[in-house]
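Note that chain A is present in both complexes that follow, paired respectively with chain B and with chain C.
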Partner chain A sequence: MKKIFLLVPLAFLSCTHVSPYDKEDLATQKMLAKPLSESAAFESHVFSIREGSFGAEGGFGGGCGCK
Partner chain B sequence: MKKLLLTLLILGFSLNAAVVEGDNVKPFKLKMLNSDEMVTNGDLKHRVYLLNIWAQWCKGCKKEMAFFDEIAKDNSLHGFGIVAVNIDKKPKKAIKFVKKLEKKLGHKSNIIFLSDSKKTYAKACEAKAIPISFLIKDEKVLKVYLGSFNTMDKEDELIKEIKAALK
Partner chain C sequence: MQVKKLLFLALTPIIVPYKAIASALKDSVDVSYDFYSDNVGVTVYSPVMGIKKALSDKWGLVAKLRLDAISAASIKNASVKFNNDVITDAVTGASGRAGFNDFRVAPDISFIYEGSTFTTTMGTYASNEIDYNVIAAYFNVDTKLNDANTILSFGGSYSYEMWSPRIKRKMLAFDNAEKKDVEVSDKQIYTVSVGFTQLLNPDAYISGMFEYTEQNGFLSNPYRYYQGTSYARFDLYPNKRRSYPFSLRYVQQYSDKFSTNLFYRFYTDSWALTSNTIDGSFYYDILDSLTLGLKGRFYGQSAVGFIKTVDDYESGNFDDNFFVSDYKYSALATFDAGISMMWRPEFFEDENVLIKLNANYYMTDKNKYIYEWYGEKSIKASYFTTAFSYEF
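For the complex of A and B:
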């Protein structure tokens, strides 16, 4: 019985489920990984020059990161 | 003690049961989106209608509104209506969207827009997705549709179901 009382609070400490109707704040532009599309393009350009490679940023391709 | 815990657990789950086909419609009393007029499920008692839960921040929801307007004014579906319950925290954004939609359509929308800014109705229905739609006849849920009709290519299926419900 003691174990149950220990496990119940632990269950509440774990990740929270966000209901679909509560995702309003998550759907905003600022919650995107790259909220500013203009600067994202620029950052991507700088990154590709610095790293000497591009691609594998999601979407198309196999994700190998090679050129 | 174990029995008590189990009963509480079962009770907790049953209180939040999602709406499924064959259930009675969850009672609602909601304000119109652009006026203070209240609409209840009792007002639509003898009608066949599609109750849609949508939000302005949901792209799929906005995409299917033109289709909803089209079927709401369709003469071959006489006696059918669309009730769109908006769950935005700030209904102003949704009102703006509706105005934009009406401008695009070139006429006043045939959809009954309601506001549930506190999401009490969405919570009561335990909406598993946004958008979610319930086809209702005589206060009974005939069908539950998860997701946007446009993206799932389910427009024809819905029209078929509506026609069957109107018979």
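For the complex of A and C:
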């Protein structure tokens, strides 16, 4: 776990300023955090029903009875 | 198309890859259909309809409606004696593996305000089932810094949830402050989250999120019980739970055609449940208009601190206030694999149609609590999503 925390600042050290005209590739569908946003919402719902933990995935999921 | 995209980028100083906020004010219609089926008799048919409408150059409206038709939603048709009261599942006559036992309606309406340096989303959500109702509100603010190379996010939500179980029972939870069981049938959930997205270079970015959630009230499942050789008991959990998950996501493009999306989440909570989630997706453009994806996910969790072994429950060898028959609070590992397709058909004008298909297989490891409840050694499920989006 500590190694992961150490990697985070290393990632920032390697970053360069990205100009607006250099962001074309970042705007493509496959570069989105959730390219399959519709199925991601359903997946998140399935996992929250079937597993004991939840959260920190972005977006509001809303509750259900999920018996 | 390429020229149009470059022109759009030149005129738009802020492109936010994390949530595609730049396109949030575009008018669109979205229709998707989710399907889920598993080996323990649960089947879900779930169509979702949504619209996005720009109300002005800064305000937008997003409205969604999800409908779930769920079979076997109300567990087994059991008839069990609790304290000399015969308590039955009210879905009388229904089979656990046939028919739709529940129907859920879940509307979600949100407004988006897009300022020059920040974007705010405010919304309200409801969910209605025969035995469970939810009303919720949420908000999120994304602040764009450093020429939108850095985005800081802050969000929160409140949810009020009410059980009306279809069986006759007293609903109890353990109040740790008062050291006794209290009668409660509702649940309140507060969530606060903070996050960031940082562009690393023109081909990669990293994002992270920390979320704090507090749940109060009836936090177990009112239908869950354990029937031992000489007794039967409903599940009984504490009436408060605090959760502290954080996640990191790293998205990298290696060529014009190939990208990866890696996700890690660590979760811990006041019930002593900890979990690790690793998720990796790979996308490859086999055509300019067609992208294929592969996904793999591993999830592992520890048990909550107040669970006892199945053998202890079977023998009645415990003197705890708490009682847990639900496998999702036991030590558990799950695996998920999926394939996907994203297709923007070129024969539509302006390529403004996006079709997505996604198929997944999900399974848990072998688990004694699953076997006790479902009669299966593990849960195996398949689920699919078909989505159609049209941008005006």
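Simple rule for what comes next: the second predicted complex is superposed on the first by the 37 of 67 C-alpha atoms of A that agree within 3 Å, B and C clash if a C-alpha of one lies under 4 Å from a C-alpha of the other, contacts with A are read in each partner's own complex, and residues count from 1 in each chain.
As a working rule, a contact is a pair of C-beta atoms (placed from the backbone, for glycine too) under 8 Å apart; a residue touches a chain by one contact, two chains touch by 3 or more.
As the structure is a prediction and not an experimental result, all values here were calculated from the model.
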Applying the touch criterion given at the start, work out whether A:F47 contacts chain B, chain C, both or neither, answering first, second, both or neither.
second
Give one of first, second, both or neither to describe whether A:L36 is in contact with chain B, with chain C, with both, or with none.
second
First, second, both or neither for A:A27, with chain B first and chain C second
both
Of the two partners chain B and chain C, indicate the one touching more residues belonging to chain A.
C
Could you say whether A:S19 touches chain B, chain C, both of them, or neither, answering first, second, both or neither?
both
On chain A, positions contacted by chain B and by chain C:
1, 4, 19-24, 27-28
For a test of understanding, state which residues of chain B touch chain A in their complex under the given definition.
1-2, 5, 53, 55, 57-58, 87-89, 119, 122-123, 127-130, 132
Residue set of chain C touching chain A in the complex reads 5-6, 9-10, 12-15, 17-20, 22, 30, 32, 34, 36, 46, 48, 68, 73-75, 102, 104, 106, 108, 123, 125, 127, 129, 131-132, 134, 136, 138, 146-149, 157, 159, 161, 163, 187, 189, 191, 193, 195, 197-203, 205-211, 213, 221, 223, 243, 245-251, 253, 256, 259, 261, 264-267, 269, 273, 275, 277, 281, 283, 285, 291, 293, 299, 301, 304, 328-329, 332, 334, 336, 340, 342, 344, 354, 356, 358, 360, 362, 364, 379, 381, 383, 385, 387
How about chain A: which of its residues touch chain C in the complex?
1, 4, 8, 11-12, 14-33, 35-36, 38-39, 42-43, 46-47, 49-58, 60, 62-65, 67
Chain B-facing residues of chain A, complex
1, 4, 19-24, 27-28
